[in-house]
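One chain, subunit A, appears in both complexes that follow, with subunit B as partner in the first and subunit C in the second.
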Partner chain A sequence: MSSLTYEATGIPVESEEADPVNRRVELLLGALASSVLLFIAGMILFTLFKAWPSFAANGLAWFGAGGNVDAQLTDIFNSPADPADYIYKLRAWPLIWSTILISALSVLLATFIAVFSSIFIVHFAPGPLQKLIEPVVKYLAAVPSVVYGLIGILVLVPWINSTFITEEMRSSVAYVIQLDGSSVMAGVMILTVMILPIMIALIVDSLRAVPLNWREGALALGVNKWRAVRTVSVRAIRPAIVAAAVLATARALGEAIMLAMVTGSIGFAPNPFDGFLFFMEPSRPLAPSILDGEEGLSVVPFGETMYAFGFILIVSCVFFSFSGWAIRQSLGRYSIGAR
Partner chain B sequence: MVSGKSRRPIKARGSRKVRARGVWSIGDRVGLTIAWATGIFLCLVAFSVTIYLALKGVQYLNLDILISRPEAGTEQSETGGILDPMIGTLLLTILGTAIAAPIGVGIAIWLTEYGRPSLLARFVEAGIEMLVGAPSIALAIFGLLIFQNSFMAPFSFTAEGGAVFGRSFFAAGAIMSLIALPFVVGGTREALNSIPKHVREASYALGKDQASTIRRVLLPSARSGIATGTTLGMAQIIGETAVVVVLLGASLQLAPEGAIPVLDVLKGTGSTLTSYVYQNSPAGEGKAPEKAYAAAFVLLLIVIALNLFVNQISKRGRHTWG
Partner chain C sequence: MGIESADEVHDRTESGIPPIKRIVVNGEMPPVRVSQGEANGAPTHIAESFVIDQGAMAPAWTEERMKVESLGVRFDRKEAVKDVSIEVNSGEVLALIGPSGCGKTTLLRSLNKLVDLTPTAVRSGRIMLDGQDTDLMDDTLLRKKVGMLFQQPNPFPMSIFDNVAYGLRERGTKRPGKKELEPIVVDALERAGIWAEVSDNLSHPALSLSGGQQQRLCIARSLAVRPEVLLLDEPCSALDPISTAIIEETIVELKSEIAIVIVTHNLQQAERVADQVGFMYLGDLVEYGSVEQVFNAPMAERTKDYVRGDFG
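After this line comes the complex of A and B, so read on.
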């Protein structure tokens, strides 16, 4: 209590509402806090406003497939200076598909790893390893994405190129794309490592919140420790796992710099029917597309197309973050963490 | 380790379930092995990233790189050092934190101490969560939208035709503060929530009103939480690249605008360590991976130092209330 300084003024406070200073402080801080909401609403609206010409010119076909998206973007970038002749034609499906593909694969992979490693951290890691592994997770979260990207492009991409890609693979797709190791696979691998810490932090917290006597109940029935954890703890925290996956999805969707570095930056939609080759194909999600097109933002129709990408990203990320938050709120009420 | 222990199945009449007692079935063993593997995998990733970058960093980093400015050049020996990016990182971090810290603390106080009407407070909480999830690249282009307005002209460079460039330390710092904000709010809220109610009541009993209780009692006790949150926010700013590339211009050197010292630098464009790494990697134009490794190593050292710092303050600052 040494850091507390009390100054007894001796002036009694009649009621909080009657005190103008206090009331003003509350209003000021409340306005400050509400401005966060205003900012988010403003961001979504202004971006939509700026992006509208691109959506309006393409209609729902904006989201569809058709033609080479990179060629379309080049056309938009080179459209005539006269506003009446602006070119807006865009079929963004390859970019959207790439976003969905890379995010979904890495979230799936990360959910699997995160659940198992959280169980390990909370229940099975021997003391010294447990002391080591928690700072390690925090550290992995703190490594900047550009560092991951650098290691990806200088180590992982050449490794994939020399290990997995055969000459046959190269020649089989040589008429559409070049395989050089920058691929969906590299992106998914690194993105998984990047979103793991968020998921582990959430899952570890909720695993710790499972009351010990729940598991003791299972152990008393004679099952082994693993079975007790799997059937009692993991089942109890299922909503937390979903929340973690949803929040990690938001993070994965918004990752730009690392994916711009390792996925090859080609607007190509990898085809799942290509078999294993599919993972070796380059692609480019929405967020890196904005980063790549950053220099052209001042070209009006091209800029508007970029803001359209941005709008799709903001809306989906805000949706996922909000759902993750809502699930976590309900956690306290209906499941573990109530007390 | 527990996995080695397998007990003999207990023979029981009737119920088949009983046979599973204490026995490690193949599924259980596989599960436990995977759990061990994933745990060790995490450590391996962290160590290999660190050791690889440390080896490369020690190989390419020298005093010369640290104190010379970056230059345009075709050979790696001509491209100079990373002085400007380091200054850029420092300036941007200070600017972003200076904006984020007071706002974040204010929001956290309102959320924990006032929070009326409660529906609004819940929405603000969700809003903060959305800020965490908002893609930085989208924040960056939104920032450009704001700072390219003519009324924002004082904050950046204005071209001859009156077009506002919209890229400067001010613009990048403002958007960076949004990236740091949720961390400041989170750290402060956690600290405020951990202060028991009787402390506030004691303060009221001494005749303090709520505002001065917050200022004189709660904020001083929440100091370490505020520091933790702010440091985490700083780490986010230091590691952010997309905002720098879009809003700071990621120019090679600091490019001051105007005549007033300090302000001219803040109005101008620049780069940070992250954008330097990006541009000198094979993905950017520089094609100087050695310099990129050196800068990435410096970046990693800063991140590690901040992490250790956070550990220190959260260890020392833990307040126990009697």
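After this line comes the complex of A and C, so read on.
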């Protein structure tokens, strides 16, 4: 019967068997997706393989604190030529702590600011202002980080030095560290500004996609505008906020140039018990440490140590993407199509 | 007005439509629910199974709540509502009927100023609530008193419970606890005729309900906040006869306390629940009067055609 229709009209009728073209496209896309995954897995394994001597020589102490990390790196760099005498000793905690501190603070700050400014842009700003803000914000996402670093060094660091750092502060820590404005604070402030545009762009888009009739439904119940936005729109876009935060975290973890320029680039672990002073202390996260170590890569144990830094960064990014995905799954329970 | 105790309505036998009984519920009577078996038998006569206590009187009082004075609404250059004047009284139900696109929803959305959210909308004329110009009132305050059910179901992306509790939780300064909310939520779900279907899992996502269930959930949501004026935009458009009957019963029950405006394409429904009827055509309020007058002795030719069903 169906072949009859086919001959009579010339229009292909859906056949029982799978369409061969469709099948080929599926295979192709599948192959593409798996090769990307394979590539990422290969990269992680390769990095781990290269980094292994550094991890193996230190054991779990690699992640711990102890001694001056910059001095240790210098020793590794000055290792004797004989592979048997390579020096690997490293206690990387100050660098890890600095990475956690600067990324977490700036992502938290940026998420907070991004959510509120997106709400303002979408729901409260007058029309012409909205039209102006959005493209400007999106453009800011494209500013190269070295430019931010330059502004940081020339403007922000001296400003912090003269505004926040008192003589008592300077003398109180003079025996370990010099305070000159290059600091956690400078890094966090500029990093926040750097990751804000992409977060705002993503959150604004998702806020706009919230169906108007949800908000109307809330307003019609006598809920005020701000509360309706917060309890319906912002609630509905929580998965998008998480996605934006994960993207921003990846960006923050990987930022090297700007942070190398403004954080003082010293392997020092800022001490939260120092109170406000803590924000004024210099430090250096992992990514700028790789950048700083660039000229030493030909020294085998030093190169391997840098691979170890890289491995930690890759694994953290994978970890954050995965937890972001898991959080989005649990938040998505009540959204459209959820069961 | 509106104390139509007559149960048997008009002679419709010539058009072949079975006679329709009006639902008359005595204010003192406990709510009556249809049993499945009762309704399954003869869907066409469903209304009859609801005529309880035929001699009972609907509330003998009406009180003016809202007054629309020559309301006009334009979208850009398109006039959606033209010079409409109408009153909304508590103690009775006002039904708005008319062909699609005639401005019923726009009129309804003007009553709680929701139409102002549309940037292209321009509103003229006055709308009074209890003698006070709504334009001088705070939007949120107005909407606390004037509740609305939307034509398209719009449950929030939350659980069933949170949907019904939403208004109560978010409109005050103090968020009531789950214990306080529970009886109100259950009552609202019962009145909306959806309790039996959702009672076993109130934490289920509202968006996974069927279209008709979503519509009833939204009815429950607007009932839970106990509005003084309730605007219903085609509340039964997606509902089966049983659910429709439950909703109609709730409407009749509620009208003793609040003012209700219902938009409907179902003329039999309008006859069953309404006391006043407004017929709109292309933005004009062509006819406005008691349900008997509009359906039995319409003055305008257009109304006559529409209620008889020979409308183009």
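Here is the rule we use: the second predicted complex is superposed on the first by the 285 of 339 C-alpha atoms of A that agree within 3 Å, B and C clash if a C-alpha of one lies under 4 Å from a C-alpha of the other, contacts with A are read in each partner's own complex, and residues count from 1 in each chain.
As a working rule, a residue touches a chain if its C-beta (ideal position, glycine included) is under 8 Å from a C-beta of that chain, and two chains touch if they have at least 3 such contacts.
All values derive from a computational prediction rather than experimental measurement.
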> Looking at the overlay, what does A:Val223 touch: subunit B (first), subunit C (second), both, or neither?
Replying inline: both
> Which partner, subunit B or subunit C, touches the larger number of subunit A residues?
Replying inline: B
>> Taking the superposition on A as described, I'd like to know which of subunit B and subunit C A:Pro211 touches: first, second, both or neither.
In response: second
>> If we overlay the two complexes on their shared chain A, which of subunit B and subunit C does A:Gly310 touch? Say first, second, both or neither.
In response: first
> Between subunit B (first) and subunit C (second), which does A:Ile113 come into contact with in this model arrangement: first, second, both, or neither?
Replying inline: first
>> Looking at A:Arg235 after the superposition, I want to know if it touches subunit B, subunit C, both of them or none. Which is it: first, second, both, neither?
In response: second
>> Going by the contact definition given at the top, which residues of subunit A touch subunit B in one complex and subunit C in the other?
In response: 221-225, 227
> What residues of subunit A sit close enough to touch subunit B in their complex?
Replying inline: 1, 3-13, 16, 19, 21-22, 25-26, 28-30, 32-34, 36-37, 39-40, 43, 46-47, 50, 113, 116-117, 119-121, 124-126, 129, 132-133, 135-140, 142-151, 153-155, 193, 196, 200, 221-227, 230, 247, 250-251, 253-257, 260-261, 265, 287, 290-291, 294, 297, 306-307, 310-311, 313-314, 317-318, 320-322, 324-326
>> If we count contacts the way the header does, which residues on subunit C are in touch with subunit A in the complex?
In response: 112, 114, 117, 139-141, 143-145, 147-148, 150, 152, 154-159, 166-167, 170-171, 205-208, 218, 221-222, 225
>> Please output the residues of subunit B touching subunit A within their complex, sorted ascending.
In response: 1-3, 5, 10, 18, 20-24, 28, 31-32, 34-39, 41-43, 45-46, 49, 52-53, 103, 106-107, 109-111, 114, 116, 120-121, 123-139, 141-142, 144-145, 178, 181, 199, 203-204, 206-211, 214, 216-217, 220-221, 223, 235, 238-242, 245-246, 274-275, 277-278, 281-283, 289, 292-293, 296, 299-300, 303-304, 306-307, 311, 319, 321-322
>> With touch defined as at the start, can you tell me which subunit A residues reach subunit C in the complex?
In response: 211-214, 216-225, 227-228, 231-232, 235-236, 333-339
